[in-house]
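Look at the two complexes coming up: chain A is in both, with chain B in one and chain C in the other.
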Partner chain A sequence: MPKLTVDGIELEVPQGATVLQACELAGKEIPRFCYHERLSIAGNCRMCLVEVKPGPPKPQASCALPAAEGQEIRTDSEMVRKAREGVMEFLLINHPLDCPICDQGGECDLQDQSVAYGRGSSRYHEPKRAVTEKYMGPLIKTVMTRCIQCTRCVRFSEEIAGVDEIGALYRGENMQITTYLERAATHELSANVIDLCPVGALTSRPYAFEARPWELKKTLGIDVSDAVGANIRIDSRGREVLRALPRINDDVNEEWISDKARYQVDGLTKRRLDKVWIRNKAGKLEAASWDEAFKVIAKAKPGKSVAAIAGDLVDCETMFAAKALLRAMGSKLLEGRQTGMDYDVSSLAAVNFNSGLAGIETADAILIVGSHVRWEAPLVNARLRKAAKNGAKLFIVGPEWETTFPATFLGADVAVLDKLPAEVAAAMEGAERPAIILGGAGLARGALGPLLALAANWKLVRDGWNGFNVLHMAASRMGGLMLGYAQKGGIADIVKAKPAVLLALGADEVDYDQFAGSLKVYIGHHGDKGAHAADIILPAAAYTEKDGTYVNTEGRVQFAEKAVFAPGDAREDWTILRALADALKVDVGFDSFDELQALIVADVPALGVEGLADYGALPAGGGSASGEIAYPIKDFYLTNPIARASAVMQRCSAELLHGEDLAEAAE
Partner chain B sequence: MTAVRISDDALALACGADALAAAFEAAGCTVERASSWGMHWLEPLVEIDGMGFGPATPEDVDAILSGKSAKAIGPIATHPFIAGQQRLTFARAGRTRALSLEDYERTGGWAGLERARRIGPEHVLDEVARSGLRGRGGAGFPAGVKWRTVAKAPGARKFIVCNADEGDSGTFADRMLMEGDPLQLIEGMAIAAHAVGAAQGYIYIRSEYPHAIRKLRDALKLCADIIAPFNIDVRVGAGAYVCGEETSLLNSLEGKRGEVRGKPPLPALQGLFGCPTVVNNVLTLAAVPHILAEGGAQDYEARGAGRSKGTMPIQLAGNIRHGGLYETPFGVTLNQLIFEIGGGTASGRPVKAVQVGGPLGAYLHPGQFDIPFDYEAYAAADALIGHGGITVFDDTADMAAMARFAMEFCAVESCGKCTPCRIGSVRGQEIIDRILSGGRQADAVELLPQMHNARLAERSQAEEVQLLEELCAVMKDASLCALGGFTPYPVMSALRHWPADFGLSAR
Partner chain C sequence: MANRHLEPDTPELRARWDTFAFNSAWDAKAKAAIARYPDGRQKSAVMALLDYAQRQVGEETNTQGWLPIPVMEYVAAYLDMPVIRVVEVASFYTMYNLAPVGRFHVQVCGTTPCMLRGSDDIMAACKARGMHKGHTTEDGLWMLTEVECMGNCASAPMVQINDDNFEDLTADRLNAVLDALAKGETPKAGTQEPGRHTVEPLGGPTTLKDMVSANHDYRGEW
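Our next item is the complex of A and B:
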């Protein structure tokens, strides 16, 4: 723990800290462009200069200099100020003065720092250097003349994403940042470079010229595009969500989000259900009133014969409100695994990501069974890459996909679990922190039991470590399981029960042909598969339009806030279910959102506390499994009704996955 | 049959040594192609029984053989240019054939390596440290300290990298050594490998040295068994000056963009492929066999001045009458080098300036020619020794143009990584242009009537000079590596000593 002084303030900094970090600990702001906590140190912008004694009598780049015992650091001396002003003047020589038409305006590092270190006007009058635009795909808009060559985007794509998509061409002042051959960036995390770019060189293409940051209302939300539960900030203006940005949460998403989480939000205004619809005798949907719809449902007189199926995006409050309604009517027919999976949920520890998302980075041997991690949870994939960089060995059972880390594929059939190659067993047995990641496709092939047995063999649970992980894909999954949305036989049990009324809570992946005899009431927000099959459509709120609780795949309970109102006649889901209770003449025991939440906590106390839920000990497993693994996600960009309605996601799918060449309109 | 020795050094070849050798063969002589003595104004130099004739052409063959040539210079070994030197690194120059193991062994070759193996790595490190050998690439970092750091660094794999990307203007010592005595370099690398525990070495050589590349590769084949289990590969650069900077060199070796890495981590701890790596210049490594020979360290340490120990192969080039390689202990002055040894300018005109240390070295004014040639004394005078290249200019040189060239060179060769070098070099050229045109004039747009309320951007020449000084200060203080950090030296020294060339009155 070196002791040093910063501007006369004495402090002790952690071993291995840089001078820049020491200055920050002392409360001094150090201007920087290239330095970023989560990327390697490049030391090229030369903005973070400080004066350090002992050392050469010139300013030092604090980002690259290790803090050492007895250093005297000055961030406020004349030498430091002059040097920073000099570098700032250099940067502004070539940077265009187009802030009024630049989307970075208002949240631009260069703009902010030029206030502190810039001159009123330039002393360099020769022409500025200009750079031609580089195409980086449908998500990233480039104005490369603004680039200050900090190389954060290059380092992100190399280090975090693990794909060499972005790099530099030419040398000296001709250096230009570009994607390889100006192809679109295709990585699932590619748009994070927009946040990383300290200037307006890389900005958001779908959000171009939409709003200034100070016009936006910022709401703290949780992403529902996968089961990671990335912390997001929802920026809205009026009734429209304009963009989603990552929030920093080291335990969950660090400071990244997937491109889908970021860009599906334009789907929130498209294909929306904003009216009540009832299917008439001719089989056509007709607009109706809430009263009419409730009457039709009441007329079905379901009695106990009612079931609820939860979709992938719903919050715990919605699921609990439906559960309360069913309980009042005497039914327990709840299911959330829409596609028919029926794995054992008697212990939730067995279906949880026990090592934690951050913990998986520290694993040193990982067996992945039936998960296309890159598409099912891109943020977990970034963690796996870190683990691999730290020396972890990775093995994958399932059809091959393009990993961003060295991994050995063991075949597509789960039967291989019975006869794993010796090197796998040796690596897992010899590891200090061995881990298994079981994906949805593996669960569907019955790999849970055999893997629990392997977990016991390899002692995956040991002091301070539980390496048994299930990686879900649905944001609602863990919350649903905690609320009892699981039948022993899966959805087949519901089909068998032939419910008179089926409540579909945003469930768009169900095969509704199985419920031909039921009155299908779809409570959701998008005109997708569920609405097409429904007899009655009750318009509800999407994730940005309601307060709600979500539990991610590691059992982390997180609250999200409401950013905007739902459109048209759409209402928050719980209010619909509450009104339906009146129509069906039962008492659900809550009249307000607070009462509803109190009931949830009474029912499942863990849902009232933000943070990791405790699911107890890992159960024993056994048995064997066989069958070819088939990953459920066929198109990363179109996995949920919001994304399918999003023009941006459709374009990504067409261009990035299906190789369509989309003509660019001249701007 | 007369035995004739003619150099096959690239410089001699460029001066027609091949044709000369063919002419001697046609005249019935046996021609032996040896290394160059380093007396470049005499190349191609013909040696017959220790007597020299040069610069010789095929027309001179008959006269030389009949002993009537006017180009006779007498015995070469006692020629003043040679006799005044203390050749350690270049002890074999002119005396042996580059690719003859026999010649090499006869002249004390492999003695250093054998002794190193006998006394063990720890003693080798001690001897290198005791010799006071400092990096000859320009930075002058003590080789013993660097080697010990690598030797102590944890790591299963370690590397020896020889920096043979000799890109400084007016330098040729690396090339001469690699072409004339490649085995000595290889022996030096083998000793380094033995000392730090490396199994693999690389020689990173610039593609502009085809003869040296070929000779190194041939030499490595010859002595593979002798240096085994150590192995050396030759890697050819692609012409970037900045790849002579050690971290860019490592990036280039790894197949990456030739861009400077930030330090720390030091290459000694995390160098090539992230492993501890010794990166040394050709001359540093080639000095090692002598140091490791019996008593070599003391001998080396006894020479030199101040903290600059041993000898420095100084390269005399540019507008100089007797250009060539002059190896001498540190402490010699430019007055001695240029006037006594070099014989003044080749053009016969007065010396105006001397640039020491390549394109980034300061221009020294004749008033500074008494500074002793050592690292510290030069640093104190805002100059640098660099790789020991000396380029002489006569009074026709336009120092403002030379200053502009320094900026232009940096603009062309900058890797583009750090802001000060990338932007400062280009804008520095423009400011020098402005100064030369007497300050900036308002352009057509600024003179429009609509611009009446805008401040006109005309500035005086003095203001432009101040701007240039401030630009140089930012480059010097804030650049990531020496390319941007040292470009201001030639510029500022030219401005300081020859203001008249910039159209300024004396300051």
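Our next item is the complex of A and C:
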């Protein structure tokens, strides 16, 4: 614990801290471009120069200098001021003065820091360097003349994403950042380099020339594209969501989000359901009014014969409102596992990501069963890569996929769990923090029981550690399970009950042929598979258009706020269900959102507290499983109705996954 | 060497070079280079392997050799490392040629000491033979570049041709060297000044004369 002084302030800093970190602890702002907390130290921008005694009589790059006992650091001396001005002047020599047409304007580190630490005028009259454009795919727009060679993007793709595809070619003044042969960046976190880029060299292609940061309303939201529940900031103007950016939450998403979370938002304005529709006798959908639709539903006289299926994107409030409606009508037919899975949910601890998303980084032996983690939860994949870098051994049961870390594939059949190779058993038994990750494909093959038994064998639950994890794919899954959206036999039980009225809450993955005799009421926001099969369509709000509670795969309860209003006649889901209760002449017990939330908390107290829910102890398992694992996600970019409606995601899918050569639109 | 650029990745390039593999002689050298580093650190041999690959390409094309993209991919696969990291190295060092070159790569030093000793004449002599900076002559024999200091200031002016330096040049001496090379001979490398061996002073020592025959302690004379 070295003791040092920063501008006369004495403080003690942790062992291994750098001078830059010491200055930050002392509350001093150090300008920087190449240094980033989550990346390795490069020390090449020289913006973080400070004066350090003892040491050579010149400014030192604080990001790469270890803090040591007795150092006297000055960040406010004349030498430091001049050094910063000098570095800034050099950086600006080859940086174009095109801020007015640069998308980074207003949120540009170089702009901000040149105002704060620069000279204010230029002495440079010679021609500036120009760099040819580089293609980096459909998401990243490049203007490489603006690049200041901080190499953050290179380090990100190598260290965090684990895909070496961005590099710095040539040298000195001619150094250029590019992907290999200008191929598109193809990993699932690629667009994070846009946030990392301190200048306008890498900007968002879909968002190009859309808005300036100061015109945007910023709303704190939760991402629903997977079950990680990444914390996002929704930037909107008027009634349109323009972009989603990650918020920092070390427990969930650190400061990354997947490309899908970031770029599916343009789907929010396309293929929207903004009118009530009723299917006529000829089988065609006709626009109608809310009253007409409610009358048709009331005329079906469902009585107790009503069921609700929750989709992957819905919030807890919607699910609870439907549950309350069904309860008032005397039905308990709730299900959220749309594809027919029927794993045991008597203990939620058995289907939760118990080690926590941050915890999995510290595991030292991990067995993954039936999860294509890179596509099902790219942010968890980044954590697994960290674990592997720290020396964890990883084994995967399931068809092979391209991992970004060293891993051993044990075969595609879950039957291998009965006769695991000796090295797996040895690694798991010898590990201090062993972990299992069970994915949806594994659950579908009945691997839950055998893995719970293995968990007990390998003592996955020990002091301060629970290594049994289930990785879901649907943002609504854990919330749905907490609210009882699960039948013993899965969706088959609902089919068997032959409900007169089926409420589909944004459920688009269900096989509706099974419900031929039911009046199918689709309450959702996109004209996708669910709306296609529905008899009545009630337009509802997407995740950016309503306040809501989401529970991620580790059981973390998080609240999201409403950013914009739903389009057209669309209403927030809970108000639709409340109005439906009136039409069906039952009392659901709430008239406002607050009352609804109070009822939820009374029903499931854990949903009222932000943070990890407690699901109790891990149950015992047993049995055996067999069958080939088949991953449910066939196309990473098109997994939900919003993404399927998004032009950007469609282009990503076509270009990055199906290799289509798309001609760039003329600008 | 500004304006370096990778040779475009065309189907013709792929057709020519996709089958590239080290022949047994270079393969043995490559294995020896990798063996110099600990297990798992085979990537450290990337610079040696790029050199060997360039030389083998040179043998195959009867030029100084260069690095087509498929060859860099071969080296990357050989060392189990990402291609972009190999290309970074190859594009950083100017001794790796990124585009096709001629049989002899004539690198004329034009930095101040050479310039003062007549590098302009050397450059003019090269140009008189039809060479242009940055281009290969039509017969595929010569490629000319002007480079910065090569560290032979004591025997300026100089040119570097492939692996050899030729120093103390005049236009005539350079022409003699180039003629010999064109004929397939191997001219004497190093200084071209008659009677000079390396970079010792012409006409005998001018300083530390007492040191020539025996060790002499100068300290008393300071």
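In this section, the second predicted complex is superposed on the first by the 667 of 667 C-alpha atoms of A that agree within 3 Å, B and C clash if a C-alpha of one lies under 4 Å from a C-alpha of the other, contacts with A are read in each partner's own complex, and residues count from 1 in each chain.
Keep this in mind: a residue touches a chain if its C-beta (ideal position, glycine included) is under 8 Å from a C-beta of that chain, and two chains touch if they have at least 3 such contacts.
Please read these numbers as outputs of a predicted model, since none were measured by experiment.
Once both complexes are superposed on chain A, the partners chain B and chain C clash.
Once the two complexes are overlaid on the shared chain, A:Ser346 sits clear of chain B and of chain C alike. Judged by the touch definition given at the top, the superposed model places A:Tyr180 against chain C, while chain B stays out of reach. In the superposition on chain A, contact is made by A:Arg123 with chain B only, not with chain C.
More residues of chain A are touched by B (comparison of chain B with chain C). Within the superposed three-chain model, A:Arg171 lies in touch with chain B and with chain C [touch as defined at top]. In the superposed pair of complexes, A:Gln15 makes contact with neither chain B nor chain C. Clashing C-alpha atoms with chain C appear in a single stretch of chain B, chosen from 22-30, 76-84, 94-102 or 130-138: 76-84.
When the two complexes are laid over each other on chain A, chain A has residues 167-168, 170-171, 174 in contact with both chain B and chain C. Chain A contributes residues 164-171, 174, 179-181 to its touches with chain C in the complex. Every residue of chain A that touches chain B in the complex is listed here, in rising order: 41-47, 49, 58-59, 61, 64-66, 79, 82-83, 86-87, 89-91, 93-94, 121, 123-126, 129, 148-149, 151, 167-168, 170-175. Note for the complex: chain C touches chain A at residues 2-4, 6, 9, 69, 82-85, 87-88, 91-92. The part of chain B that touches chain A in the complex is made up of residues 240, 257, 262-264, 411-420, 422-427, 430-431, 440, 443, 455, 457, 459, 467, 470-471, 473-474, 476-480.
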